[in-house]
Amino acid sequence: MSEHEHVADRVAERAEEHAHHGYISDKERYLARLRRIEGQARGISRMVDEEKYCIDILTQISALTSALEAVALGLLDDHLKHCVLDAARSGGPDAEAKLAEASAAIARLVRS
Amino acid sequence: MSEHEHVADRVAERAEEHAHHGYISDKERYLARLRRIEGQARGISRMVDEEKYCIDILTQISALTSALEAVALGLLDDHLKHCVLDAARSGGPDAEAKLAEASAAIARLVRS
Amino acid sequence: MSEHEHVADRVAERAEEHAHHGYISDKERYLARLRRIEGQARGISRMVDEEKYCIDILTQISALTSALEAVALGLLDDHLKHCVLDAARSGGPDAEAKLAEASAAIARLVRS
Amino acid sequence: MSEHEHVADRVAERAEEHAHHGYISDKERYLARLRRIEGQARGISRMVDEEKYCIDILTQISALTSALEAVALGLLDDHLKHCVLDAARSGGPDAEAKLAEASAAIARLVRS
């Protein structure tokens, strides 16, 4: 397969995943938020390495946890909207399975 | 100041911070855990970039949140043990202030 | 209206609400769990009144919080299953509104 | 023992517990908050019994969880202030044990 065909395949594959996974509309926004989150994680490592004041490190960990929570809630909302509602609309037995899976993910989020 | 003196100063400064901030005994362990946490954050970015299944991303976010929580609880325990107890033992009015600060950090953790 | 008619009306009304709100199948189980939760809340009041050891009271509060979380997750799952999926299946614009409302409730749970 | 002596004994016992458990200064305030919490728990039972709208019940559960969290954070702060600091000041090995116990309670709160 040529490089060109390979890329074309990859694009098609992506488009299909998109149709399936559905959060691509905000993908760039999610990636920007996750880059910030990676930066926050690196910053916390640096603070420990430089032995910064413990309470200040805890404040940064709380901020990072809240940022992660916000991303999780956004992804979950997108997932329910696209994936679960679509399954319900297309009418198969799939919707119940999708929902059970989403409920288990919600429970993990609430408890983590 | 020569480079050598600069380094010596820096070491002395570190030692003093250590005496003050107190969690150095486990510092390497904290840094190793934080490197894993940075890796988890990068992994989540990659999953979004590759449009992995949303529920799998949420599972990784819950795991990262739990890992952060464990680091925060460890740092907090060290802080109470070294910083707050030491202040109480040396008997000044500082202990109450340290404790008020620690309680505020606990509240942020519980609510984040 | 006779007492009999009044009761009949009330039963009809309940049945209708049931059709709408959907969690009646497990209603007795929820009520039993909530009675236990009320008992736990009373027990915590009694512990404070009798000045029990603070750490033991905190343990009971954590247990009560977990029990409440479990009820909330159960109700949420029922709600998504009955109310949100039904709205999606019947095909109106109502499903999006129901889902936005559910997502806001999930966010409150995760953050509380 | 006369009723009078019995009451006097009880008062002395309470005073001693107070010296030990330390949160009595705010006891009436805690009891008032816990009575409100009991009322919230009863209200949630009633809402399920009357099959109120699920999302409204979830809102009440989130409010109750936050109220419990606030009581727990208050009790914990009092405990650290009175019980743990006092142990540190009186200088015995007890302070470490008290602190380990408090850290375990904090971990349960953060995770519940």
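Think of it as A, B, C and D in the order they're written, each chain with its own count starting at 1.
We take it that contacts are C-beta pairs under 8 Å (C-beta built on N, C-alpha and C of every residue); 3 or more make two chains touch, one makes a residue touch a chain.
Keep in mind that this is a model prediction, so the values were computed, not measured.
Simply put, of A-C and C-D, more C-beta pairs touch at C-D.
Relative to the C-alpha centre of chain D, the farthest chain centre belongs to A. A straight line joining the Cα centres of chain A and chain D is 37 Å long. Chain C and chain D have CA centres that are 24 Å apart.
With centres set at the average Cα position, the gap from chain A to chain C is 28 Å. Under the contact definition stated at the top, the residues of chain A that touch 2 or more other chains are 69, 72, 76, 102, 109, 111. The residues of chain C lying in touch with chain A in their complex are 69, 72-73, 76-77, 80-81, 84-85, 88-89, 91, 95-96, 99-100, 102-103, 106-107, 109-111. On chain C, the positions that touch chain D within their shared complex are 14, 17-18, 21-24, 27, 30-31, 34-35, 37-38, 41-42, 44-45, 48-49, 51-55, 57-59, 61-66, 68-69, 71-72, 75-76, 78-79, 83, 101-102, 105, 108-109, 112.
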